[in-house]
Each structure stands twice: as C-alpha cells, then as structure tokens.
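One chain, chain A, links the two complexes that follow: it is found with chain B in the first and with chain C in the second.
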Partner chain A sequence: MERVAIIGGSMTQFGQREDWIVDLLSEAGLACLEDAGVEASALDHLYVSNMASGEFEGQTGVMNALAHDIDAMPAYTQRIDQTSSSGGAGIYAAWQSIASGASEMTMLVGGEKMTHRTTGESTDVIASLTHPAEYKHGVTLPSFAGLTARHYLERFDAPRESLAKVAVKNHKNGVDNPHAQFQKEVDLETVLESPIVADPLRLYDFCPITDGSAALLFCPESVAREYTDEYAVIAGIDGATDTHVVHEREDPTVMGGVVESGEGAYEMSGYGPDDIDVAELHDMFTILEFLQMEGLGFAEQGKAWKLVEEGYTDRDGELPINTSGGLKSKGHPLGASGVAQGVEIYEQLVDEAGPRQVEADVGLCCNVGGFGNCVITTIMEAGQ
Partner chain B sequence: MERVAIIGGSMTQFGQREDWIVDLLSEAGLACLEDAGVEASALDHLYVSNMASGEFEGQTGVMNALAHDIDAMPAYTQRIDQTSSSGGAGIYAAWQSIASGASEMTMLVGGEKMTHRTTGESTDVIASLTHPAEYKHGVTLPSFAGLTARHYLERFDAPRESLAKVAVKNHKNGVDNPHAQFQKEVDLETVLESPIVADPLRLYDFCPITDGSAALLFCPESVAREYTDEYAVIAGIDGATDTHVVHEREDPTVMGGVVESGEGAYEMSGYGPDDIDVAELHDMFTILEFLQMEGLGFAEQGKAWKLVEEGYTDRDGELPINTSGGLKSKGHPLGASGVAQGVEIYEQLVDEAGPRQVEADVGLCCNVGGFGNCVITTIMEAGQ
Partner chain C sequence: MTMEAYRYEDGSISYPGHPRGPGGTEPVETIDLSEYTAEVVTWTTSTATPPGVREPNTLVIVEFDVDGRQSDSEGGSGDETVRAIGQATTDDLETGDTVRPVHVEELREPGAGIREPDSQEWDGYRFEPV
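And now, the complex of A and B:
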C-alpha cells in the first residue's frame, strides 16, 4: 500500500477571535491550500474536526458551510468529534481516506470558537463529555488533573516545581510561535504563585480557552511528489480508548489510551521511543505531559519529571517536546489542537519551523481526548 | 484490495424511548454483535453516528461511553456527524477503516434521542445546520421541502396525490417492520386532509421525531467467511456536497449531492440504476423520494411521481423502495437513520427481512444530509 503524505499545513492566529467558526475554518483551509499550491477543486474529501460548534455557537453543519465557503463542492465532507482529541481523530480519518483509496486529496481542518463564552460555560461544555456517574458529583477535567497531580507528586516524590517547569518550558517555546495565544515567557515564581484552580495545580498549569483553526493536506506519496519535494509521511498511527469512568482505572498515573495508541503507532512505523526526534504532547494540564512521556516510553514510570528538570525536553535538549509552545502557550481550541500538533511536526520535518526549528527526521504527536478516554498517536517522518 | 463485508445488523425499537442516548447505542450495538456472533473484544474500531447529543441531552463523548458500556476498550472510537446523513457518513467511514487496513472489525452504531424535546425545539436544533444567511429569515428544512414540492408539482404537472402516495406506500411497508415507530397503514384521504405544515405539504408528508439506534458490523470479506456464509459486501460508496446555501442551486428539483454520490457509487460498483433490486431512500419529506429517484437515475426528471402512481416502487413492484417503511413510518432518529437504511438492505440481501423480504441481489441506500447539503450513496450486494 502506498504511503500517505502531508503536503501542506497551516494555522490561524490562536487566541481571542471575533470571527465565527466557519470563518476560522475557511482561513486555515485556504492558507493550507495556498501553502501546498493546491486548488480547492482538487479536494475529494474535506474533513472538519470540531467538538461542539452546536453547543458553543448554536451552529451545526459547519463542514458543509466550509465546503461552500472555500468552493470545494462537490467534495465529500464530514465532521469528526473525539472531544479534545478531535484533531488527532481527524488525522486518523484523513489517513484512512487516502489509504483506502476513497480520496486522492483530503484536507482536514480543525477548529473551535470558545472565548465568547465564559470560562465556566466552556468548562461545563467540556465536562459534558464525562460519564454522568462522575459528572453529577461535580467532576470536571481540571479536577481530575488536580487529583492526578497530587497522586503523582506524592507517589514518585516529585517536587511541585517540576510541574511548573513544564509551563515555563512551553511558554518559552511559544515566544517563537507567531500564532500562539501567549508569546511571552513566564518564570517559575509566577507559575507557583498563580491562583489555585485544582490543588495542587494553579492557573499556569492549565491551557487557556482559545479560538482558532488549523489545517493539513493529505494525499498518496506519488501525488505528493507531483507538487513538492518537501513533504512528510505518516509512518504510524493508532487510536485507543481507556475506561470512560476515570475512577475505574487501576493506576491513575497510567493512561491506557496513551500506552495502547503509542504501541500501535510504533508497531506500524517500525520506530520506537528512541527514534523520535521531536514530539508534540497534549499539555492541557502540565501533569499530562509527564503521563504521556511515560506512556509513550520516553521515560520510565515516575521519572518523566526528572527529564524535564534536566532540560532533556527543552528545545535544545535530547528530545524537544512541544516546540510549538504546546496547548499551554499556543492555546487549545478543542477541535484544532490535534491538527495544530500535526502542523508543528510537519513544519519541523520539512524545515519550515523558523526560529523553532530543531533537527528532526521523525516526529510524534499525541492527542488526548477527555481525560485519556480516547487517545490518538501519530508518527511522521520526512518524505524522500 | 479486499472487499468490505457486512456480517451483522440490528436496530432498536424506534419511537418514543425513555432511555438516554448511550443506552440506546448499547442496545443496538450488543444486538448487532449477537447477530454476528462476534465478541465486543474483537472490535478494532467503534464508530458512533450522532448529530447532536450535546444539543439534545447536554451529553457529549457518547462514543467513549459506548465503548465503556459494551466493554469494547481499547477499541478506537470516534463520533461522526454529517447532520441527517450521519449514518451514511458512518458507513463510509467504516468502509474506509476496513479498506485502509486500519481495522479488521469495525462496528458502526448510529443513534439519536430527541422526543424529550418539543417538536419546535427539535426542529430548531436541526435548523441550526442551515446557512445563517437563510436561517435568519426563519427557514427550516420543512419550509425548504414545501417550496420544493410546490415547484415540482407545478413544473411537472404532477398531482398532489402522487406525493401522498409515497406516504401511503411507506406506511404500508412499515406495518411489517416490528421496529418501526408507526406500524399502521394510512389512506390517501388521511394524508390529504392532515394539517398543513409547509404548504402544500401536510403532516403525513413528514417523518416523525424519533428516538432510536441501529448498528452494522464490518470486516474484510476473508474475515466474514470465518463467521458466516450469509453476508453482504459494499460494492460501491461515495459522498458529495451541494451548495450549503440552498437558494444558490440552479434547479431546485435537482439535488447535486444525490447525483454526484450516486454516480460515484455506480462507477465504483460497476452497477447502474437498472441493476438495483431494492432501495432505501431518505424520505424525510415525501418530495425527497421523488428527487432521489430522479437523481439516482431510477426515473427521468419530473417522472418519478408516475412510477409511484403506477406501483413501480411498491413492495411487489419492479423496484421496491423503502421496504423498511422509510423514515416516514419507521421514524428518523437523525444519526441512526442512515445506519437503519443499511440494516434494511443488509437484511434484504441475506434473506432476513421476514415479511418484508423481496428478491434482491443488489441494493442501494441514499442518505441525505440537511436539504441535500451532503449526500452519501451506498450500493451493497449479496456476498458469495
């Protein structure tokens, strides 16, 4: 079977935007087509990763509106929802569309418009993904994160500062991402003295509420070569669920979906953790970066915090993580985030990451839905 | 490439249900697995077709809840939304998952829970799929249907009774479907004297508001043979968009998405309209059955009404249409409808349609999203 290539990527400015969701999707989609030098009329499939435009804006059918707006008709279109991992699910769907022969050119556009709602309203929309058995007790994703962080720090004797260092690192990376919501450094003290949200986690341990969109363009490798010499290919991809009721998990520091999807992606690609040169992890909360590093085999259980403290995951470290700034400083427009992870790895592999560029032949993204309820891991390599 | 087979199908009782959405999905999913003799642990992918559980019930993440409820973890899961054609989009996604090699066993479960909301609220949720340029003028899908029906009847000199005969035929078929919302015949007079909803269309020209779920199980043909001799295969499938702004279409009686997706499915399958033995069309409104018959080549433009009047599409006619009772009498739980169309064709092809059974080697379903904004056409044949 022919390999699936990525020949274009784009993201809009993330942050507080006045546009409605379809304008955001169109902006990213058109920029992606322009980046690749492909006309909208060449699209066979057009996928939209979006969790909740109906809940946030009272607007559904956004994939059809997008096809109309960018003049992609009669391209087939569909909306993909896997909560906060909708973008990763979109990459998986786009890969399947090409690998199955259903499409020769698929554009994936992820996006969400959230900031017109209050933080409480947005948190409540997101919390609607949790199991009612937990939701009725007032559980939200931030509260899961707080409980898990407390457990991790005590069990593995990790200092509170190590979590804060994830935020410091990712904010530092975000300074060089012109599309990031926050392009400013924060110091350890600022993180550690910010208001408590879910003890022990504080404001700067959390990603912000964000509007934005991101896009990727997929085709068979033979078609990619007609357009460019600079492309990436998907070497491995897999997705997996864990219990939907979070408290049923045996070990709160192990995200089964991360482990399973990572193993699937490694097996398909033939690569292992040591082969990964750069990674985008889903740092919706700082603690998640530790859990993914361990679940994906970058660190032993309970040891990820040490690698972060040692600078191993800094941009000039052994394994740079979240060179884009991560969800933490780049922002987290739900449906866009997994796509934007892919855009960063794509740009790193085709040497278009500008001041964020690192040496990389193989990159990985891990997109976490809910609190690990479903996770998609994608491994890309530079095309030849 | 190996063909994609369907080895199981099920649907819950359609109608007014007290269960929440996840219970409906679980009921259909477990029945489908039982029908095929397959364990939930054998599932690689589990897809949920659902338009709006967030808007209807304030509940998202239903695909993860389903994976948990039926114990399918770590199967990868995803929600697929293509508004009223979410079920057809799910069939297309499931086909791609198998054809790409991503999965060896994919279950698709479509469902919606709507009747706890008023008809006005449900209509408004559905209308949120329309373009804001039209929505702000108070346009809903029933109003589009009324305008189109008026135009069709006048332009093609068709009698009002011909539309009513679609309702009479589909209700007659529904009598023999134990899962249909309405299992009772209606006569022409009842349809023609029912209250006006969108002139010239009356209450009995419309499908009801419905709760329900349906499921199909997909695998490669070689795997299907390990389980059963009685299976169907997907011979052709395609989806296509039309303008999202309905008033921009050149001819209001031509649904471009029906034509394009039909042509794609015919080309892939090698079949043409004359080869189809039985079809499930998206009769959300009676007028849509005419438009799909014409768009799919079963009748010339402006002539479908004559075939209906002649009994050509009756269960004992040349081309039985909507042997299940159609959306009209079976009901239309948005995300379930396209899947339930597939269940009917599957059951017809494996001779499990009971009193509704017709002679059929090749069947077709056409699932219409919005007012033809995106359409998916699937052609199945009996496996050998």
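And now, the complex of A and C:
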C-alpha cells in the first residue's frame, strides 16, 4: 500500500461571510489547487465534507455543484457527513481513496454556511444529532459541555480557571492566524466574567458560529514528488464511534472514540503520544481540550488541566496544542473544521505556518463529532 | 406513562432502550424508572436554548440504583445502575442530591425546532429534588 501524501492546503477567511456554501467551497478548492499547482482536470475524486447545507441553506448536492463550478468533471464526487467530524471523516475517505488505488488525485473540501441563522436555530440544527430521549429535553451540545465540565472539575478538583486558560491560550494563538474568526487576545478575567451559557461554562468557553471552508489535496507519495519537495504524509489515521446517547457512557470524562481512534492512529503510524510535536484538538468547548489530551495519552486522566496551567501546551511549550487558534478562536464551520485542522498540521510540517510556526516533524489532529460520538484521529509526518 | 429502561441478557440496563445491548445481547425485560429515585451525577443550567425550549433550561444526569435501591413495589438483587438525562424542576441542585421523576406532558414545543413533530414523543419526566 503506497503512502498517502498531502501536497496542498487552503482555508478561506473564517467568520461571518456573505458568500453561500458553494461559493465558499469553490474559494477554498481553487485556492488549494493553486497552492499545489494542480489543475482541476487532474482530480479523480472530489469530496465535500459538510454537515447540514440542506438544513442551513436549503442547498443539497453540494459536491456536484462544486465539481461544476471549478470544472472538475468527470471526477467522482461524494458528500461526507459525520456531523462536526465531517472534515476528519473526509480526510479518512480521501486517504482511503488514494491508499486503495481508486484515485491518484483526490481533493477534499470542507465547508459550512451558518451565520445567517440565529444562534438558537444553529444550535438546534446541531442538536438534531441527539437521541429523541435527549432532544425532547432541549439538550444541546453546549449543555453536554456544561454537564461534563462540572463533573470534571468536581471529580478531579480542577480549578475553574484552568478551563479559562484554554480559551486564553487559543485566542492568543489565533492572533497570528489571518484566517481566524477572532484575531484578538482575551484575558482570564474576561473569560471568567463573560455571560453564563451552560454553567460552569461561560461564553468564552465556547467556539463561535462560523462560515468558512478549507481544502486539502491528496495523492500517492510517488506522485507528490512530481509536484513538490515539500509535502506531508499521513502516517496513521483511524476513526471510532461512541454511544449515541451520551449519558450511557461508563465514564463521563472519557471519550471512547478519542481513545480508540487515537490508539488506531498511533498503531498504524508507529508513533506514540511522546512523538507528537504539535496537535490540533477539537476545542468546540474548552473542556474538550482536556478530554482529548487525556484520551490521546498526552496527559493522565484528570491531569490535563495541570499541563495547561504549566504552559505545556502553549505555542512555545513542550507540546503546542491548537497553534491555529483552534475552533475556539479560528471558528467552527462544522464541515470545514476537521479539514482546517489538517491544513494547520500540513502547514506546520511543510514550514508554511508563518508566525505560528513551531518545530515539528510529526503532527496530530483529532476531529470530534457530536459530543465524542464520532472521532477521527490523523497523524501526519513531514515528507522525506 | 412510564420511563422505560431495558434490561439485557447480560444483566446491564440502559435508558433509553435499544434493540441490542452490550455485547449484542437482547433485551429481556423492561423497568419503569419512574418508580425509583436517583442521584444527581452532574447538572447544568443552559441559558442559550433552541426554539421551543424553556429558557433557562436546567438539565441533570442522574443515576438510578435499580437493584440496590428498591422501588415501592419490587424487590431487587445485584447492584445494577442506569443513568438518564432530563430537565430538572429547579436549579437549586447539588451533585449527589436525590431526585425523583415527575411526569410532564410537554417538555419542549413540538414543531418549534427542526425535528419533525410526529417523529418522536414530547412528554417525559423532569427530576425533582426529594
């Protein structure tokens, strides 16, 4: 099986955009092709990661619309929906398409258009992934975060400030990401005094609602060398699923999908947690950064908060986490987020991260759907 | 109206029930959790609620000790627990509080949100401190 390379990446400006979903996808897709110096006609497969363009905008068939707009026919197209982990699932699908030999050039474009909806409407579209027994109670993803954060803080005697420090760190990183929705720092006091959304969590513990798109271009490593000397390789990738009903999990502070997909990606790559130089984690809520750090073996259970307090995950720390600003600062256009995580790790590995650049040969991204319901973990390494 | 949990062949219990339980085991009986009290595992009050949902909305995850904490009418053996999530009748809660299910005809307004009103039930149980 030939190794799968990534030879191009792009992301649009994240935030409140006037463009609609297909325009956003086209913008990122064309930029990605340009970044790699590849013509659309070279694409064998074209995948679109998107959770809910039909629900948000009334536009379905976005993969076909994108193929037409960028003149990628007759490439095989497919839309990939795995809720918030649609982007990671798209990376997995793109990897499969190349590794299997079905395609020699696959582009993945993730995107979502959300901000034209009210916060309540967007929250409801996302909450529609819940079980009927949850949905009828008005359970939302933010409320899962509040329930889990309280449990974590009480059980592990962690200070409330430690969660706020995740937000402070990721906002600080986002300042240097020109595509981030928020390019401004926030201080601890601002986070801790912001309005309560799902106590103990407050406004700045949550990612924003976002429009945006991101893209990656995949090919066999042997083909990559025809285009560039600077590329990344997918060293390991795995996906896993946890319970649909969140309260049925044995331990509310363990995301089984993170653990399982992480173990699978580590095993495939031959790397372990200590080998990872930089990571993008799915910080849709600050508490999720702790749970993924622990699930992926970066910290022992109940101790991730201490590493954040010590600066271990700062950009100049031992393991920089969310150098892009994370979902927290960069924004979270559902279907784009997992792809954008991949773009950040790709750029870190090919030394294109600009002021966010850290020293990295191996990077990891973890994309979470629902509240850990579906998870994809991807490990990349710099191409040789 | 009942708050129906399933017990599976391996003795485990889930709420809600599923066609198959852990290890692919089949359900062998139903248990009405509304007859039991439960302990609050964690709780939150959500202030940004979707259309048709009360605001604020206090939610709890509770744990029923079905076999160890007997119902009014049934005996029990073993020590199997089962968790549930639901709205609370108050935000004056602490982890570890004992609560009981109280039936409510409509937990949120059907049709106000994205889900098809006929696709599911909208009544259920809130949890009230004992």
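By definition in this document, the second predicted complex is superposed on the first by the 384 of 384 C-alpha atoms of A that agree within 3 Å, B and C clash if a C-alpha of one lies under 4 Å from a C-alpha of the other, contacts with A are read in each partner's own complex, and residues count from 1 in each chain.
Criterion: contacts are C-beta pairs under 8 Å (C-beta built on N, C-alpha and C of every residue); 3 or more make two chains touch, one makes a residue touch a chain.
As the structure is a computational prediction, the values presented were derived from the model and not from experiment.
K.L.:
Check the residue A:89 against both partner chains and state whether it touches chain B (first), chain C (second), both, or neither.
P.N.:
The first partner, chain B, only.
K.L.:
With both structures superposed, pick whichever of chain B and chain C touches the larger number of chain A residues.
P.N.:
The partner making contact with more of chain A's residues is B.
K.L.:
Check whether A:199 is in contact with chain B, with chain C, with both or with neither, and answer first, second, both or neither.
P.N.:
Second partner only, chain C.
K.L.:
So, does A:119 touch the first partner chain B, the second partner chain C, both, or neither?
P.N.:
second
K.L.:
Please work out whether A:143 is in contact with chain B alone, chain C alone, both, or neither, and reply first, second, both or neither.
P.N.:
After superposing on A, A:143 lies in contact with chain C but is clear of chain B.
K.L.:
Which partner chains sit in contact with A:131 here, chain B, chain C, both or neither? Use first/second/both/neither.
P.N.:
Both chain B and chain C are touched by A:131.
K.L.:
In the superposed arrangement, does A:151 touch chain B (first), chain C (second), both or neither?
P.N.:
Touch status of A:151: second partner only.
K.L.:
Is A:55 touching anything from chain B or chain C once the two structures are fitted on A? First, second, both or neither.
P.N.:
both
K.L.:
Mind working out whether A:240 is in touch with chain B, chain C, both or neither, as first, second, both or neither?
P.N.:
In the superposition, A:240 contacts chain B only.
K.L.:
Chain A residues touched by both chain B and chain C?
P.N.:
Comparing the two interfaces on chain A, one with chain B and one with chain C, the shared residues are 55, 125, 128, 131-132, 245.
K.L.:
Mind listing the chain C positions that touch chain A in their complex?
P.N.:
Interface residues on the chain C side: 14-16, 41-54, 57, 59-61, 83-87, 95, 107-108, 113-115, 119-124.
K.L.:
Inside the complex, what are the residues of chain A that reach chain C?
P.N.:
55, 119-121, 123-125, 127-128, 131-140, 142-143, 146-151, 154, 195-201, 245-248, 252
K.L.:
Please output the residues of chain B touching chain A within their complex, sorted ascending.
P.N.:
Checking each residue of chain B against chain A gives 1, 20, 46, 51-52, 54-55, 58-61, 63-65, 67-69, 72-83, 89, 92-93, 95-97, 99-102, 125, 128-132, 238-245, 256-257, 260-261, 369-370, 373-374, 376.
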